[in-house]
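Look at the two complexes coming up: subunit A is in both, with subunit B in one and subunit C in the other.
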Partner chain A sequence: MSLSVTTRDAITAEVAKYPYKKTALLPSLKLAQKEKGWLSTETLAEVADLIGLPHSHAIELATFYAMLFTEKVAPVRVEYCLQLPCALVGAEDALAKTAKLLDVQLHGERGTRHGHTKDHLIELHGTVECYGACHRAPMCRVGDDYKENLKTDDDLQRLVADLKTRAAAAKSQAH
Partner chain B sequence: MTTTASEKKDSPAASSASAAQAAPPSDTVTLTIDGQKVTAKKGTLLVEAARAVKNEIPVFCYHDKLKPVGACRMCLVEIEKMPRLQTACTTPVAEGMVVKTKSDMATGGQNATIALLLANHPLDCPVCDKGGECPLQDNTFAHGVGTSKFEEEKRHKDKAFELSENIVLDRERCILCYRCVRFHDEVPGDRALAVIDRGSHGEIGLASGEQYTSPFQGNVVDICPVGALTSRHYRFRSRPWDLKSQAGIAADDPTGSNVWIDTRDGRVLRLRPRENVDVNDAWIADATRWGTLPAERSERLAQPLVRKGGKLVAVTWFEGLRAAAALVRNHNTGVVATPALTNEAYGVLAEGGLGDAVSVWPRIAATSPQGTLAGLSSSKSVVVVGCDPWSEIPMLAIAVRRALVPFTRDGIATGGGGKLVVIAAENGLARDSAAWLKASGADLARAVADLCDALEGKGGSDAAKKAAAQLTVRPSSLVMGPAFAHEPGNAALVKRLQAALGVVDDKGACAGFSGAVDRYTNARGARELLGDKAALDAASAAGVLGRAGAGALDTVIVVGDVPHCAGFPVDGLGKARAVWLTASLPKDASTKAGAVPDVVDVVLPLAHVYEQGGAFTTLDGRHQGFDAAGIPPSVPGAGPDERAKADWYALALLAAELGRVTPHDLKGLRAVLSTKHAFARIPLNRNKTRTELTVV
Partner chain C sequence: MPLDYQPILLPNPGRTTAVALTEYEQRGGYDGLRNALRKKPEDVTTMVKDAGLKGRGGAGFPTGMKWSFVPKGPGPKYLVVNADESEPGTFKDRDLMEIEPHTLIEGIAIGSYAIGCELAFVYIRGEYTVAGDRLRDAVDEAKKAGLLGAPSKLTRADGTPFSLDIVVFLGAGAYICGEETALIESLEGNRAMPRSRPPFPAVAGLYMKPTVVNNVETLANVPYILAKGVDAYKAIGNPPNNTGPKIYCLSGHVKRPGNYELPLGKVTLRQFIEEYGGGTPSGRPVKGVLPAGVSAPIIPAANLDAVLDYDGIKGAGSMLGSASFIVMDDSVDMLWAATRMVEFFRHESCGKCTPCREGTMWLEKTLYRMMEGKGKESDLETLQFVSKQIAGNTLCALGDFATSPVTSSIKHYRDDYLAHLVRIEKKSDKKGDKAAE
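This part shows the complex of A and B:
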């Protein structure tokens, strides 16, 4: 499935911004990921072809940056920050409680903790580095949105309700 | 940060300090390396300046034919007035610079680099193909501390990962010097390999979903400084210290790639590029590297075959030659020579009077190209018509690409800046072409005429005008496929295009390159040595096959095999009987159905090119001699006289059998031929021993 006309136009607009085509690759891949959720081999090739770069440049860049996904991810990806400021105010607990509320089995140790719902619509991650929202810790990132001050059970209930809404929306979009 | 020398442009002659000493004073700087005064051309990299005074700074990622990147940190040196250790491979020389490569600080840096590289290296040297010729082993021995503080579990990655049917990658051994990735980026420009992931997860791979199909894969095995990239064709076959390396010339390449022929007990086990900056630089094509390796000696035909009572019977050379001579003597005889024989063989055919006529088959161009491949590589406008060098003569594609994209010599970027216009169905250099006018068959002539119109300012299509606008700078070059150039109706068109491009100046000199490129190894040698007496097209009415087909010949001697082409002109022989001199038959050829055509009465087995001495002429007229490296096939227990023989030697023996005396040794033959032919005055390459090899 190729990219939408809107994304293709946006990529063409990116290319026009820079003196070297290669510079446009990173913003273009972000645009492609925004539409697709992740960057498949076909998507990488399509973006490279659109800009006029060899495919190897796209795969090199996409695998270099951790936040460009070259493997399929769930439509709702929740990334809990477990770095020091967040950890001090109970981020580990918040992650565990969120997992329990979503009926998610978490795997891995500190630093690699992750899990997903049985329908694969929501992923939980405790693997990310600081997102720079320490003043409203604990926090997690859902898509492009920050969910902050996740201190009480009510906060978490609201978060989980929002996640379920997003998952349902993603499911209906897929159908 | 230091500036890289690749940003500075210099002439190709600017090779490091020794050559630079002759340059005008303003172009040079003087510096001190380990107390030694060194004068080097501006822009020279420290590592090259040191190399010129025999001070070898250890490197992994640096390669003198690739852009420097400073990835491996092996070449750390101390430079006075600079706060930290610097990488010698990215630091250009500067006036008054004082460099210490062996101070405590520099040695400490080099030791630490080795320790870090070895931390995750599996150290499986005993089962590694590179063992014995491995820069990592050598540098560890020379610059390592000998022990490791690393006690943790080593990183585990793919072992024996098959990148292609030719190349195996061991990701644990890889030290991420990026030489292989840079080779594909810079030399052929096909960007076949990529660095995937980052940091300690980093690994070499393909852009996923793609195949590794480059025709230059083998070169990454040569330049890999560890045992990460190995050749599937040579894997586990020999240790380097058991190999004897001899200088040779590629058996299938009309551009005359120089190779090392590595043999063990007379068996040719592998080919490697031999550095020659005027011909193949340090690269060869995969077709040469793996496609021209001889079959096992024991699997090939070693004895002459003579047809007795309808059946082929193995005989001695004495009997075989006698039977062949009987077919030739008192019969109308023609000789068909393939364009892949040695010049010496053509010399015997030209002098020896083996037959009434000699023809070349398959057909080759009637005239040789003008100019040189070096001229092609320095052209600013290049037109390719009716051929795809990338797939047909890969090393020619490299020569063309050098005109377009800067390449690196001694660490300094040079050349490039030319424009390429291709008129052909296929174009392997599409990504580097300024324009590609797709055409094939009869459309070629139309497309060329269109481009001529545009070049002459007499109209032409929009595409042709766009292409012509790229071709304004001189010198210019024209590379034509033989099929297009052969077409008699195209002669005037070719002249017109040459004039429009200005490939030949008023005095008839060609600064670039112009002509049809035959795909066969020694087409030019055949043309130059047989051209005046032989029809260059055997199938024409005057050619040997034409006359045999018309019944005018009783016997045809077919000499050689044709790379890139099915073996034997069986259809063209008519009623004539044939003598076949060939290196391509298996040992059971006498009984195997279809191996030897019915028209053949005598088979004389030839040695493989790498098992015989001789000389080839490249398509741009360079004569290159070589000595025998491997031992030709023979019957077990038989003496050297019963071995398969060099093409010129078999022909000379046959001439002698017919009473026409020809010298029986290469030296004597060359002495006779040298009175008339330039190639025979050029000495054969001296065999070099391993100690003289430079390991790249």
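This part shows the complex of A and C:
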């Protein structure tokens, strides 16, 4: 399924912004991902064609940048920062408790952990990246949103309730 | 007692909303730009040079000097703002953009005038969507008010209109984009992999045109220099090497983490942690402090009287870098801490050079083995040997950064490593015995 007219127009507008069209590739891939949720081979090709670049350029970027996904991801994506400043003040604990509340089994080694709910609507990650919120740790990102100061059990309950609301919304949208 | 100091860069501590153009102008905003436009561009550069402003992105390179490397003459030149801020423990540029976007825009406008740039880019890390939105809004405000635009309503000293457009560009998640040549590659639509130098960006940077890359905080310092003058700026801090205000990020084991703007060279690390940070929440003593995120050597507790400036932190055996202070109390196992930091570098290595790509992997493997209780005393030598193979042998400084948590923790906290061995050595002795049998 090809991109919507809105996204295609937004991509055309990106191209006009820069002295060289290749600069528009990264923002355009992000626009396409915003609509589709992830970047399939077809979407990558469509974006490259729109800008007038070889498909390989789009693939190169999509496989390099952490925020671009070349595989399907869950509609609700949670990323806990486990880097040192956060880990010093309870990030590991907050991730473990969140996983328990969501009944998610976490896999992976030390700083890098991942798992998902049984219905695949929520994806939970522990990462070693810092998100620039170390003074409000523990923290996680939910999609593009920052959830900070996740200090108490109440904070985590509230987070999980929000995640479930988002998951339900995603589910009803899919139907 | 905290210092009696009126912050300049973040004048409203605790504020969370963006300062709008009217409010910024009420407190003298854009006076610096108007003053700059009355001078010749090269005189603006000289003022920034004389003020002693050093880059706040990490390397501490003198800003005026960097601007002076840009060749004069026709043809496009670019000012690129490094707002990639991905160093663990660093969150100052985020506050600057989210709360004081016009200070940055004014700094960009002055810098652009000085080097002859008419199109500037702000490269913001992809996760900072709020900062991106607020900066875009502020650019629109400034355009509407005629402060920016091609052309703007302002006039240059030579009588021609001042012309500048600012593009806000969001990245897509990669620490290496903070390295200036990788950032340029990313802006050009490529994978963010550092370039070999020469040519330096000042000669051939973005689109192979003369380019200055400056950090957000660096440029946020510029309006004050132009508005109040070189002497007023130098009166803040500890001249000649450490002039001006500095935002210090504080995180880890402190009661009050956050951004603190202070003059360079006026407080010690101990004062900073105790008086500003409120000390450790546990009340336990400080074991060590990282002064530049995870990218510079750990400062042991014995050196807490170091003064917070470029020279002071250097004297304590480390580097001020991004001035992101991560405090660790004496409950921290430094082998665990070093492992977490190395995981970061292994994850973020762009893979272009072998010593960094392979070396960070070996450091991580060795540290994991030690953490699992399977280490040998010779692993300490392995770690140091691998670190030596990486440091100085890579295209960018990420390789060097990756080694400092390891070498500095072995140097100052060898016992933490040995503590993991004692346990293990008994086991491996047994194994050894069995093998010998």
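The rule is simple: the second predicted complex is superposed on the first by the 174 of 175 C-alpha atoms of A that agree within 3 Å, B and C clash if a C-alpha of one lies under 4 Å from a C-alpha of the other, contacts with A are read in each partner's own complex, and residues count from 1 in each chain.
As a convention for this text, contacts are C-beta pairs under 8 Å (C-beta built on N, C-alpha and C of every residue); 3 or more make two chains touch, one makes a residue touch a chain.
Everything numeric here is computed off the predicted structure, so don't read it as measured data.
Visitor: Specify the partner with more touching residues on subunit A, choosing between subunit B and subunit C.
Guide: In the superposed model, C touches more residues of subunit A.
Visitor: Could you look at A:Lys30 and tell me whether it touches subunit B, subunit C, both or neither (first, second, both, neither)?
Guide: second
Visitor: Once chain A of both complexes is superposed, is A:Thr41 in touch with subunit B (first), subunit C (second), both, or neither?
Guide: first
Visitor: Just subunit B (first), just subunit C (second), both, or neither: which does A:Leu68 touch?
Guide: second
Visitor: Counting only touches as set out at the top, which of subunit B and subunit C does A:His55 meet: first, second, both, neither?
Guide: So A:His55 only meets subunit B here.
Visitor: Which partner does A:Gly90 contact after superposing on A: first (subunit B), second (subunit C), both, neither?
Guide: A:Gly90 contacts neither subunit B nor subunit C.
Visitor: State which residues of subunit A lie in both footprints, the one left by subunit B and the one left by subunit C.
Guide: Touching subunit B in the first complex and subunit C in the second, residues 57, 60, 64 of subunit A appear in both lists.
Visitor: Residue numbers of subunit C touching subunit A in their complex, please.
Guide: 76, 85-91, 93-94, 119, 125-130, 167, 169-175, 186-192, 207, 249-253, 257-259, 290, 293-294, 326, 328, 332, 337, 339-341, 343-344, 347-348, 368, 371
Visitor: Give every residue of subunit B touching subunit A within the complex, in rising order.
Guide: 191-198, 205-210, 431
Visitor: Hey, which residues of subunit A end up touching subunit C in the complex?
Guide: It comes out as residues 17-20, 22-27, 29-30, 53, 57, 60-61, 64-68, 82-85, 87-89, 109-112, 128-137, 141, 144, 146.
Visitor: Which subunit A residues qualify as touching subunit B in the complex?
Guide: 41-42, 44-45, 54-60, 63-64
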